[in-house]
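Two complexes, one shared chain (subunit A), two partners (subunit B, subunit C).
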Partner chain A sequence: MEADAVLAVQDLSIDFQTPNGTVHALRGVSLEVPRGSIVGIVGESGSGKSTLALAAMGLLPENAVVRGGAVRFDGQDVLTMPPAQLRDLRGRRLSMVFQDPMTSLNPVLSIGTQMVDIQYRDRTGAAEKRRKAAAILGRVGIPDPEQRLRRYPHEFSGGMRQRIAIAMGLLGNPALLIADEPTTALDVTLEAQIIHLLRELRREFRGSIMFISHNLGLIAELCDHVVILYAGEVVEHGTVHDIFHRPRHPYTEALLVCDPARIDEVRRELPTIPGDVPNLLRVPEGCVFAPRCPKVFERCRREPPADHPVGTTQSARCHLVTA
Partner chain B sequence: MSAPPSEIAIGPPIAPLPAVSGGRLLRRVRSDPLGLLGLALVALVVFCGLFADWIAPYDPFKINVPAMFSAPSAAHIMGTDNLGRDIFSRILKGSQIALVVGVSSILISQVIGLALGLIAGYGPRWLDNALILVFDAVYSFPTVVLGAVLMAIVGASVHTLMFVVVVIQTPAYARLVRTATLAKKNSDFVLAERSLGAGPVRILVRHILPNIVGPLFIIGSMDIPAVITLEAGLTYLGLGLPPPAPSWGRILEEGYRFIRDAPWIVVAGGIPLIVTTLGFTFLGESLRDLLDPKLRRIV
Partner chain C sequence: MSALLEVDRLHVRFEAIGPIKAQLLRVGYRFLDAVLDVSFAVESGTTFALVGESGSGKSTLGRAIIGLTPIHAGRVRFDGREPLAQGAAGLGAYRRNVAMMFQDPVASLSPRLTVKSLITEPFLIHGLKGKDLDAEARRLLALVGLPGDFVGRYPHQLSGGQARRVGVARALALSPKLIIADEPTAGLDVSVQGEILNLLARLQRELGLTYIIITHNLAVVRHVSDEMAVMYMGRFVEHGPTSRIFAGASHPYTHGLLAAQPLPDPDKRRANVELQGEVPSLARRPSGCEFHTRCPRAQPLCREVRPEPEPSAPNHTHRCHFPLTAALAHAHVPPAESRRIS
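So, the complex of A and B:
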């Protein structure tokens, strides 16, 4: 375990109480975001990506129950921190950019009002706060930022709004920015621009980014480390090079095969992983991926595999890795 | 919003945007003829209420039996009633009652309803359930019965009338605010603000409140004529202000008794009700467009 991690998630398990029963959304999740690096979290819908992000922000919904583990930000556990202390971290040391820029800004307040308001902790005057807001808007590529401060969210396009959301996240110069599928709601051109922007900003602000996506191409382009999440478990993690060139978990291999950007052979149908994500009301007894795994053998259905290290930077939760 | 000049120039300035000023708002109002008409009618009623004592040609309480049932003429432009009182002067004086009862009781119930609704919507579940129970219990009580009981016990006065309106209207506003607060509480932008470090009070006051006051204000402006009509209705039923108060409802009620001989009394009593209702309704419609940033036209 590296000593200098901004965020260290240790053996985190989270349940959701629903009318249909208890959903075991995250089970024994551990990961680290080293200082100054970009960590990508990949997973299908329902794999627990967003739950992980909200847990890191201390913003879990009311029906979430933390079964065990810790989320340490700068060494302090976010999950047991008093609310006032947590609030002090958010926006200043730790912030988040959400998936849909159309709904993540307050529709009735101008951009300037929102950006000045969120600097409420600073002892500077209103004029200074506006200047800072304009400067950071300019930095994320909003032209003519001083004029734009008077504008309302609906007067901006989706890409512009996501830039504004990123600017608001960066106002406090946080040590960690969590980006939960920040480009999913945007078209491809804008997506590339936002990725480019995030890469530049990382260099400039020297913060870390936890980048959540289901788009492997973006992850490969942007991230240093990759964590593969499947049905609430980390099945494999490693550097970008490890994951994309030497995947060890059958799920990671299957994901790479299915990535449309990597297919060069023309076929009638796109490759898919057969079967469905398991229902997390009843977690399978052995390996979570066993029901869909092409390399499944008898032991997989009986015994959940442990995390087996591969070299110094990679590890996979699969019986095959030791075999 | 004050926009201090900034020294840092970031990026080349594009086309200069029109300055936000009072003139811009005025221009927007002027481009909406119906809203302007509403504003004019409301202004007329407010003017009458404020200056009734100066502009009324006669003392509204002065009984002049020889002049009773005079038809509208140059001396009495709306005629006189069964006691020879000048109806025009009584209507002017009545606008004071209408405005005090209508506007101030709506404002009071909005302030209380806003506070209770925000608490119910953003507070803990048990408090929400308890408040909703109270709102529904009060709201289900028939207005006229409540008015009749209170008037009988406490006695009829402007204050009793206002109290009845506040008791009846507050739960309606509180429910409206609660529903809107619940909807906004779970919206993405509130989650986003929380992720940037905003606490519950900041979220409520700076982010949820501005989303709610617009609709509340509009509904309130449309409720004012309903309350004025309610006052007239209660008075007409004999439950409102006792004579000789020149409320519009009382003028109607008295005029109704002589509708065959002196139809102008009922007509004169109805006109201010129509003017006020239309005025506030048009104004409310216009305000809805003005307060919604999405409907704002950039002039």
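So, the complex of A and C:
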């Protein structure tokens, strides 16, 4: 599996320097995106999922400090790569679709101009680049693409803008597309269309997708593998069936229980996870989930659990897995 | 039990372009009808959910009920009176009884005011002097489960869930009878979403509140509401008891919305997308049934004749020439989950 991973994150730790102190945003994160597969990254706000995406793209902000680990894309470490080499990778082999299609497109340039601009590496002529842009717009379901190239982002609806952002991400035929909550700004009907589109495109372009979301329904719908992040650590990972049918970490179990879409019987009182996500300025000793865990016992507060394998495809960072 | 709120054939119209420009551009119809012919009643102590895609008119309807958006035609009756027709004095009293929780809790709280100022502002606006504002602020915070020392905090010092609770506290300030909550859980993590919904449920039990919840999250609607209405291009296309609609939707649009909800189970993936395309522009309202452009069951009749509300069952109406319930009436009605193609 190791050899055939497009992206391999190994023991990655990232801190942020803030006026209030050092935030330990990611701690010892390891994960792999196998070639041709869709890996879902699940986590609540503050779990570090966007930091992970930015690290994979080599787009970490200035105040981020990499404490250790590596992010290998096609075997090369993105974190230590010279800027020129990284620039060559981004937008071509490695691309990203952001959360808000309103802010990720330039409002003062027509989408045709933007889509030709990002092909700056290619030696083909402008007409050929426009043709390629129109072809991919058509592929993501924008009707009448040649005409639409002349339009500006505000002339499209939210769903159409997100399709355009996906088309731009696919222009370079990337080996890995990172999608950071690409449907949160959209209605369910459009969301379903975008998820369906991503699934078709994966088959067609044979690339891999790292899909970041807090929506468990979408993860189940789209992904092959799932990584659960909590407070900057990978608490569990496995195949989509492992995670949804045989979760082993109490946090994963609690997340699944909380999703109102999974509760068959109608009830006014919904389950919650009591307590708050820990403040990452001071990471708790022992297990990060211990303060909120319903199954907590004495050892959890003292000793951080190791990542215990469950079978061949799954692992969970919990003392109970061995006990 | 009589209805606390009755809305009768409500119509909200916005002017899209001015009369002179319309003449110059030869535009025949220069209005956007955001809410059209909407009638419903909400019983005291119950929860009514308004569901629909963006642009369906659900937020506009909420704003029109509370008098923030002018009504073009129709009536809103509250506690037997017609507050929107009574001028400023009547409106003031009405707005003490009806509170609004706005969509984005952080954006709807002024960043320059402390939590105390934010939640006691309604007293000042309504000229209710002689209240001990400090004590009131602490009482309201306790009601929504926040510690009393939050009075001195500013909105940027609150988490998403806490900001939402402050929004609830502010809505509760004047002890209203009805709260209109616009997307009360949008943008919250699932665990926090449950906390806010449980808080609203507890307050309803303790204070006998009535809610209108505006949302696009159907999983939430199923658990928290007694009745629901599905809006499409400003109209109610289906309206009835929540449990009935989830057991078997009559309108193809409702069915499509339910089918579009992703299920958190990898064994229940959907092979195809039932509802294609997007909501048409209000400026180019389709003829006949407005949904015919996206409807998988559309017939020639749907393009020509606009369906009127018809009963599917007692208290359950739909606007559709070919409702699904008619086809299902003799068949076994499967639960929402198993209607998906895995």
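The rule is short, and it goes like this: the second predicted complex is superposed on the first by the 322 of 323 C-alpha atoms of A that agree within 3 Å, B and C clash if a C-alpha of one lies under 4 Å from a C-alpha of the other, contacts with A are read in each partner's own complex, and residues count from 1 in each chain.
By definition in this document, a residue touches a chain if its C-beta (ideal position, glycine included) is under 8 Å from a C-beta of that chain, and two chains touch if they have at least 3 such contacts.
Note that the coordinates shown come from a computational prediction; the quantities given were computed from them, not determined experimentally.
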Room on subunit A for both subunit B and subunit C (clash or fit) | fit
If you stack the two complexes on chain A, which partner ends up touching A:134: first (subunit B), second (subunit C), both, or neither?
-> first
First (subunit B), second (subunit C), both or neither touched by A:271 | second
Using the touch definition from the top, say if A:302 reaches subunit B (first), subunit C (second), both or neither.
-> neither
With the two structures laid over each other on chain A, which partner does A:172 touch: subunit B (first), subunit C (second), both, or neither?
-> first
Look at A:282 in the shared chain and tell me whether it touches subunit B only, subunit C only, both, or neither; answer first, second, both or neither.
-> neither
Taking the superposition as given, does A:216 touch the first partner, subunit B, the second, subunit C, both, or neither?
-> second
For A:246, decide between first (touching subunit B), second (touching subunit C), both and neither.
-> neither
By how many Å are the closest C-alpha atoms of subunit B and subunit C apart after the superposition?
-> 9
Which residues form the common part of the subunit A surface touched by subunit B and by subunit C?
-> none
Which positions of subunit C touch subunit A when the two form their complex?
-> 53-54, 159-160, 187, 189-195, 197-198, 201, 216-220, 222-224, 243, 256-257, 260-270, 272-276, 278, 337
Across the complex, what residues on subunit B touch subunit A?
-> 1-4, 6-8, 10-14, 16-17, 20, 187-189, 191-199, 202, 206-207, 210-211, 214, 293-294
Once bound in the complex, which stretches of subunit A touch subunit B?
-> 57, 59, 84, 87-92, 95-96, 98, 100, 103-110, 112-113, 117-118, 120-121, 126-127, 130-131, 134-135, 137-139, 142-147, 149-150, 152, 154, 165, 168-169, 171-172
Subunit A residues touching subunit C in their complex are 44-45, 157-160, 184, 187-193, 195-196, 214-221, 240-241, 244-245, 254-256, 258-264, 266-273, 276
